[in-house]
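I'd like to ask some things about the structure below.
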Amino acid sequence: MDQPKLRVGILGATGAVGQKFVELLADHPWFEISVLAASDRSAGKPYREAAHWIGTRPIPPQVADQEVVPISTELDCDFVFSGLSASVAGEIEHQLAEAGYPVISNARNHRMREDVPLLIPEINPDHTALIERQPWRARGGFIVTNPNCSTVGLVCALYPLVKTFGVTQVHVTTLQALSGAGYPGVPSLDATANVIPFIGGEEEKMATEPRKILGKLVDGRVEPAAIQISAQCNRVPVLEGHLECISVKLARAASVEEVRAALQTFRSPIADLQLPTAPDPLLQVFDEPHFPQPRRHAELGRGMTVSIGRIRPCEVFDVKFVALVHNTIRGAAGGAVLNAELLVRQGYLKPRRSLIVAEA
Amino acid sequence: MDQPKLRVGILGATGAVGQKFVELLADHPWFEISVLAASDRSAGKPYREAAHWIGTRPIPPQVADQEVVPISTELDCDFVFSGLSASVAGEIEHQLAEAGYPVISNARNHRMREDVPLLIPEINPDHTALIERQPWRARGGFIVTNPNCSTVGLVCALYPLVKTFGVTQVHVTTLQALSGAGYPGVPSLDATANVIPFIGGEEEKMATEPRKILGKLVDGRVEPAAIQISAQCNRVPVLEGHLECISVKLARAASVEEVRAALQTFRSPIADLQLPTAPDPLLQVFDEPHFPQPRRHAELGRGMTVSIGRIRPCEVFDVKFVALVHNTIRGAAGGAVLNAELLVRQGYLKPRRSLIVAEA
Amino acid sequence: MDQPKLRVGILGATGAVGQKFVELLADHPWFEISVLAASDRSAGKPYREAAHWIGTRPIPPQVADQEVVPISTELDCDFVFSGLSASVAGEIEHQLAEAGYPVISNARNHRMREDVPLLIPEINPDHTALIERQPWRARGGFIVTNPNCSTVGLVCALYPLVKTFGVTQVHVTTLQALSGAGYPGVPSLDATANVIPFIGGEEEKMATEPRKILGKLVDGRVEPAAIQISAQCNRVPVLEGHLECISVKLARAASVEEVRAALQTFRSPIADLQLPTAPDPLLQVFDEPHFPQPRRHAELGRGMTVSIGRIRPCEVFDVKFVALVHNTIRGAAGGAVLNAELLVRQGYLKPRRSLIVAEA
Amino acid sequence: MDQPKLRVGILGATGAVGQKFVELLADHPWFEISVLAASDRSAGKPYREAAHWIGTRPIPPQVADQEVVPISTELDCDFVFSGLSASVAGEIEHQLAEAGYPVISNARNHRMREDVPLLIPEINPDHTALIERQPWRARGGFIVTNPNCSTVGLVCALYPLVKTFGVTQVHVTTLQALSGAGYPGVPSLDATANVIPFIGGEEEKMATEPRKILGKLVDGRVEPAAIQISAQCNRVPVLEGHLECISVKLARAASVEEVRAALQTFRSPIADLQLPTAPDPLLQVFDEPHFPQPRRHAELGRGMTVSIGRIRPCEVFDVKFVALVHNTIRGAAGGAVLNAELLVRQGYLKPRRSLIVAEA
């Protein structure tokens, strides 16, 4: 890319997901942070004061003193990343799309909307075609979403099996990191040396989102994949990385070795696009029986790799294994950034000024 | 019981399971600790020196200065509890049975032996009839075992469903406490803020032991129950209490309400025996969606209750829920003590001296 | 006590400290819970709904369905325990004392008031004489406070040394449990595998409160003890129990053996009063170098014992050692209950009705 | 350095410290790993099999398949780093020095030897002159050590104060990470939600090592600094980073602002040498009251920075503050690597072959 960097806005820039966007975009080769937008409470303050910074690396110096602006439909940027909480994301993202902004959202609100792509670039890059059916498209605005963090780990692990053998039924139990609940999130008196066997709304998302992502685009619509999924979700005292124990019933018989081969040899269909945030490979398969572990492997591929281990026969279904996904990178901000990179390559994201000029 | 207390020996008294036996037997109404037996390294020392005591309550004063004796076939007691590790338990327990000692064992070695009961008093109290087929029986010796800690939680939760509706297939994922690995056990650098998705041998035990426990006694033999079980076992940074996420396929259709009722109204078939360690009820069913939690509920019923929560429909099987079992009490030492209490009521355990006198 | 139980109200009954009061008073031989008072948000609800119960034992059944009432000056009880947060405690406690209620408070607001006892029964039981100087005394009301949780551990450990050798200077560094911050308190993302080297206001309290507690009552006033104290306070990922590393400069030279003897042989001056909550002994001295530990020893003496360990020479002062105090029992609710028990024995607490009748 | 890289051997390469050496040297601009030496049990195996790798990044590919060799005096390298445990380090390091190898050691055995530098390059770079007095020097061998991990944090924080105001007395309480105990190290049943108030030998090292490091070289000998230090050392459930609470009595009066300025403006005397591992600045001073925290700041300066916070007046001494040091990088392997870099610049480390040739 010899072009100038695209100028991005971050909605909800002071929250936990917003901070992750700031971290990931600080040195991005294609994007530069131009707008930090947050609630009125934060607006007007320098970012270092407005954000209760929870990262382990310092606030990137180039944004530390940048002023946080209120969320509005007059943001000075080419497109926005939304790290808004679901309680407000639905309405705000809708307004921005209407105002002509591409919205790359991590929020759940529009994920299941028929004309909104629920996008994992390595899996369903063609689903971005749904954008054309969005009502705001004419004015330059649209919405693209990434899936729930646990969904991402599951779908990335399932996809090579879906493609190679077909998948009909899935049992998955998650052991999810504390960071998934944001900040302040889970009280330490609940989390320390404990498990909480419930995460509101999570099991429903895992049962439905994969069907859309793995669905086929037919006549401009997504036909959901015919896979039954049952999820049980738990919060465990881990900082980053959702571990998932997955049992799979295949559509056609396959040995454990064939399954391992399908996972190990999987090559991303978008590898040629050389997206800066795309990991290579997407899947890292471990042979050591006690791997992958969240604390040791969540950061693989700068948090964008999905790790797989313990591939073995299932006494009830066909095969079982564990998958690990970095929930705040691949499963949230990093996934959204990768989505944006795909959209650049596909021509959906470009300098907005040119557009505006063109309109004039 | 107006009789004098039975005098018990503890094999492996200085280990993690042995310490739990000491704790549970310190004030037992029917049993008194008469022998603390351990490896030659510990023998000859007072218990307080020999044992690296890991409990949160102090060493019971009545055993603190008792001398640890070497393991032999000449222990001064009526029967023994075995908290030996599997590497030595097989041979030693065999020798003691042969020497005329009833052996109530927590070790895995003889669990699947055809003539050894794998006993949970509330579920298969009739399986003690297998004792009669043991070769050492004539001399007064026999072996009775309790199941693996995770198996106990699973089977207790399944049993009312097996009885009421029948069960054909089970997926279970465990989140197991650190204490299950004994002491020193899991290094803190592996455990802290992490999950280890592997526990050696655990999944195999969970797949096979329940079939024996839930089996029927026919012509003096156990016919294993025809249930397919697939287990995925994880170590989590929790101190006590294994949590299990269970999905069940029933033999005949039932609503979630019927399943809940079967679990909630289950009454132990041995309630009338009034065994001192038996919890009442066996199962505690929670309605709060975020319960049960290991840190908050493992100690229910002095660690002998199995807690159930989140009963709900399964998208793939029929019903799913979580179960929680205190792994070192109900799942180990406490389960063995309850087994011994049942054997007292059934007449299998009595003062050995009388036996010896009678033989003379 | 053959008298009927005194009827107590708990202010802030739904909070973390209030819940601890409920737990400790559920089976108290002298007191019974008659009023659960909390903010208007909770008032009118049954306790089980109003309180987000965080204990590891279930809500005591006798209060689970009791209605929470709003805080007012017309509470149907003989005296109140205050578990209010400092933001509201000052005013409310003042009003209740004025309305004739004895207020046994855990809040910090009135601790340093000249006419309010800052009471540890084993140390300064005579300080209750300050009550006579309180302006509300005529109407039957008064305020008695217990110290900050960390102060309690420090002062209990210092007192035998103050009495025997005199103490002039103290350095103390605390490692404090999460429960000290209440609920939701410390976010798990801050607490997990981390230390926070700051607890607002704690170091100031530790520098000043001990001087009042260890002070002498002269002419109805407390002359503060002349001890310099420097505290450094840290939050560590522990559930219950503040550990304190203490270095002491004595007024007159003493060997480590003399110091150990002073701590080990210390007998509470109120032992004869046989207060139900008083531990015996107050101090438990450990010889094992790696004890005491919060997880293993905080519960000693049902949480009312202060544990001491690692007594050894100090290279800079005279002696150093560690102390451990259960912060929510001895350091909060349990300390307040013990204060009330002393006040019963001293005649300050009695059935209020008799008072009211007498007034009429 | 346009010269070829120096070829280094790592003694104890499979242990926890050895692994950290491997990590830090994998991409070092001046050094390349040529020998991985370990006990006979590991010798002959490829490194990936011999080492139970505990890092969060994968084993560097260039050493993964390298064969581990037994420790001997015929290692094919220019000098060695020693990550040996103290139980064997003394003798082996001695033999290697005698055989002509420069030994840059992290072990404690020779630290206090009169002719061995106890080196922190930013503080006492001139102490390397002691090398000239070592008996092995003629043959090309010598020993240089780095201090105990906790000592490093303390001394780096004290040094600017020693230089500017003088320091006479120090109280320090440490909260030390689990990684300091190596692997398997602290059992998780001891570490989880707990503090262990004892670390064998640690307090003695903190009382004595700083006096040597801060001492003056007079007539080829180190005159220890006249500072009294009292340390209390605790193990806390943190993965990396020792936090230290320090109170200091100064030789001449200074305000908190002067102290802060001394720490903040401190510039390393070896900054001009541009050592690759040297952090800039050495000290990072935080103003936020709840910083530094081990989990958030231990990695600052790639683990080589010492963080300071909470500078404030001390009620007993003059000033108190907290310091944080990455115990396995700055406090162990990283400190040793920095020592080696200084020795290169000072001419003590060079290709051994040239030496050998010269001898011939």
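Letters A, B, C and D mark the chains in the order given here, with residues in each chain numbered from 1 onward.
By our rule, contacts are C-beta pairs under 8 Å (C-beta built on N, C-alpha and C of every residue); 3 or more make two chains touch, one makes a residue touch a chain.
Here's who's who by UniProt: A, B, C, D = Aspartate semialdehyde dehydrogenase.
Owing to the predicted nature of the structure, the values given are computational and were not obtained by experimental measurement.
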Contacts common to chain C and chain D (chain labels): A, B
Between A-D and A-B, the pair joined by more C-beta contacts: A-B
Most distant chain from chain D by Cα centroid: B
Distance between chain centroids, defined by C-alpha means - chain A, chain C (Å): 49
Whole-Å gap separating chain A and chain D, where each centre is the average of the chain's CA atoms: 41
Chain A-chain B separation of Cα centroids, rounded to whole Å: 44
For chain A, residues that touch 2 or more chains besides their own: 190, 192-193, 237, 239, 295-296
Chain A-facing residues of chain C, complex: 54, 178-179, 183-193, 237, 239
Interfacial residue positions of chain B with respect to chain A in the complex: 169-171, 173, 175, 190, 192-198, 200, 207, 228-230, 232, 234, 236-239, 243, 245, 247, 289-296, 309-310, 314-317, 320, 322
Complex contacts: residues of chain A adjacent to chain D: 55-58, 192-193, 295-297, 299-300
